[in-house]
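These notes are about the structure you will find just below.
Every chain is named by a letter (A, B and C) in the order it is written, and numbering of its residues begins at 1.
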Amino acid sequence: MKAIDLFLSPLSAAGRWLGAVLLVVLLLLPYWGSSYVMTVATTVFYLALVGQSWNLMLGFAGLLSIGHALFVGVGAYASAYLFSAIGLPPAIGVVPAVALAVLIGLLIGYLGFRFAIGGVYFALLTIAFAEFVRIVVDHVPWLGATEGFFLKVSAADRHGIDLANLRGAPEMYYYLIMALALGALVLCRYLLRSRLGYYWQAIRDDPEAAEALGINLLRYRMYAVAISSGMAGVAGVFYAFYQNSLFPEIVFNIERSIEATLGSIVGGVGTLFGPIFGTFILTPLGEFVTEGIDLLKHWRVIDPETKLDGLKLLVWSFIVVLIVLFKPTGLWPWVCHRLRLTRPGAEG
Amino acid sequence: MDPWTLANAVVSGLLIGLVYGLSALGLSVIFGVIRIVNFAHGEIMVVGMFFALLMFRWLGLDPLLSVPLAAAAMFGFGYVLQLIVVSRVSHLPEHMQFLLLAAIAIMIVSALLLVFGPDAQGVHVGYAWDSVAFGELIVDYPKMFAAVAAIVVAALLLAFFKYTTTGKAIRACADNRMGAQVVGLNVGQLYALTFGIGAACLGAAGAIILLLFEVHPYLAPGYTLLAFVIVIVGGLGSLFGALVGGILIGVSEALAAVLFQPSMKSAFSFALLILVLLLRPQGLLGKAVR
Amino acid sequence: MVPLLRVEGVSKSFRGLLALNDVSFDVVERGIAALIGPNGAGKTTLFNVIAGVFRPDRGAVRLGGADITGRRPDQICHAGIGRTFQLVKPFAQMTVLENVTVAALHGARSVAEAKAAARGFLELLELDTRAGQHAANLTLPDRKRLEVARALATGPRLLLLDEVMAGLRPSETDRMVATLRRLRDETGLTILLIEHVMRAVMALSERITVLHHGEKISEGAPERIVRDPAVLECYLGDQEP
């Protein structure tokens, strides 16, 4: 109850009503949504989870990562490998998988901080590690190398609910990822209001002043990296068992890392609801574009043979450019203010 | 391992490394003056490659002959980009500038994908398979010409910064922005010029490298990362360092390709990047700051 | 009396340039001492050595007898030294209350407790009406006050104040002086301040150390310092009041 209280306290009456309605709609989505809608909604929550994790690092603790695909990918590969090699169900496999992601995060963080690599250089360090691991996995035969790593899945697996093995109907995946994304939101809300959150924000705004106030920079930055990479690792486990196929070129691609940042930038870096709000705008918009094109092709407005692969990303990145140029604090604080979703003085 | 195989790898790495170095020069110029890490680096270079491809297809122009054209086109692109987009975010935190350029990078790749599709496309020149042999050492004409072209462009650039008034003004601007403003230099204009010049290097490097490799949109992020590796190894902001870094990376990649596996060669570069970042973040040739 | 802070023969150079040369002085417990000198005398460098930002090339810093030389800034803070920055460093995206809460968390068991303590410090520094504002929106004098409130909130035994009166109006300076004096009397705080506002220096400090070109050229009670020819010369030589 306390957690719920904490969560609701900043919301105004309007905010609570809107939140409640949204929640009901989302909970009931499987009853009226088509399988296509379900896929999109699952993707939204998945990206919200990854975005939340990325935002924790940059928005809360001031560390720019362009290597989040690494943590997601490590979680995915580790849990998938443990499942197919020794039959470890992901419900248990998530522990070593996340531990490995955290460990790698800590290694990068430690190296970065130990050698005082800040700002954009830290981002480059994360990119370098992600790319390095991608190429290594490309050459590891027991992880499928470039051919990909596949999880066995049978038609029977598509029904029912087997949470331990992450096998079941699409609805199960949807509810699971929704719970994870909302759980991450609650966790972040809690952390932000805790000692840790205060210290992180202080470090983000001015490391030198934070240190003078007695904050051990290395320790609290490492906490941020650990929690962030752990959250990304959890997302990775979900990804592996939702997709059932892993390719280094896709999983560890730098585009995945950048994708993780988009929602938060659109929603608002450093805000609590920014990442989820941003993905709620971007993902459906991307789908809308793709669907719109298909429709136009169907109606022969444009030649069905034309390939328009890049259009979705083009639209997304164009929106990000506009946001950075004209609303660098993101859309969420603005929407909040406009619709009076939060109480005056409360942070969104 | 046969010593001639190694020697061939070293020479070929050295020649390609010069082109890499030219491209990295573009990154270094922009960072050195505007203090912005151009995350759309490889993308601009790939645009230069496609530009040269079109010149070849439409006019039958050898990529080496389109070098000045590609450089001019990319200069215009870079100039406008800095003047109307990048300059607007100079007050934002570093990470927002970085993310803006990342978004621009994705826009470019997506646009290229729409226009050219994902398949690799190349040019075929008459001398593609010609080479000159020194004993067992065989040097391809395309690589040799590419390296010479890269040296010429790099030399022109260095001469520009050393001898022309504008070049000196840009350097003054890099050393001391406030000072430059005080003595009446138009900093905004000089920054746009600088971004233009950096992009022109990329256009030239793109046209040159089309002689050696086929082009496709997804090549871009790889080139961006490669340039980061080079300038960080050579020292961000050091022009000479970028060229040396390019040669170093070119040779080490070529060696890694013969000693290990060709597909492992970039892992080698990233390992090098990580090492340099950790042990000598100012780069091998950069000045110690800390 | 036992000195709370003892600086022993501290030297520090940057790239061959000697910023501090064999500087020694004491600050007694519950005392208020000032560090003055022309611009570039090495005052802020000395503060940074005491606060752990720079490690001295030679010499030692002792707090209550314990050697704290070369410790990290956060460890120095834990040892009991709070400091402000000459170029103020507010946590810009946090509110004024949150800024001080971060510091108060240092000695508090919970965020709620720290927040309550922080409100007290805001009142003390006359910032309570600004509690909900983002620190980025404060005026310079208010930012200076915020620096002091934050440093105080860490519960230090020794407070290092780096030009916190600069930019305050005379009446505000007097209030700040009164506040600091009261703090010393009520809580036993020891204060070392760098200050150019002589009005504040003369009103507050019991002992003054004068630095010039990184060296201590004079030290003693305020009345003596203002008459010291060496001090007058260094100030007049640098064309400063």
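Everything that follows uses one rule, which is that a contact is a pair of C-beta atoms (placed from the backbone, for glycine too) under 8 Å apart; a residue touches a chain by one contact, two chains touch by 3 or more.
None of these values were measured; they are calculated from a predicted model.
Engineer: What are the two chains with the top count of C-beta contact pairs?
Structural biologist: More C-beta pairs are in contact between A-B than between any other chains.
Engineer: Among the chains here, which has the CA centroid at the largest distance from chain C's centroid?
Structural biologist: Farthest by centroid: B.
Engineer: With chain centres taken as the means of their Cα atoms, state the distance from chain B to chain C in Å.
Structural biologist: That gives a centre separation of 49 Å.
Engineer: Between chain A and chain B, what is the gap in Å from one C-alpha centre to the other?
Structural biologist: 32
Engineer: Where the centres are mean C-alpha positions, what is the separation of chain A from chain C, in Å?
Structural biologist: Once rounded, the distance between the two centres reads 44 Å.
Engineer: Can you list the chain A residues touching chain B in their complex?
Structural biologist: Touch residues, chain A against chain B: 58, 64, 66, 111, 115-117, 119-121, 123-125, 127-129, 131-132, 135-136, 138-139, 254-255, 258, 261-262, 265, 269, 307-314, 316-318, 320-321, 324-325, 328.
Engineer: Hey, which residues of chain B end up touching chain A in the complex?
Structural biologist: The contact residues of chain B facing chain A are 37, 85, 88-89, 92, 94-96, 98-100, 102-107, 109-114, 117-118, 217, 221, 225, 228-229, 232, 261, 263-264, 266-267, 270-271, 273-274, 277-279, 281, 290.
Engineer: Write out the stretch or stretches of chain C touching chain A in their complex.
Structural biologist: The touching residues are 51, 53, 72-74, 77-78, 82-83, 85, 89-94, 98-99, 101-103, 105-106, 111, 114, 132, 150-151, 154.
Engineer: Please name which positions on chain A make contact with chain C in the complex.
Structural biologist: Answer in residue numbers: 193-195, 198-199, 201-202, 204-206, 208-217, 270, 345.
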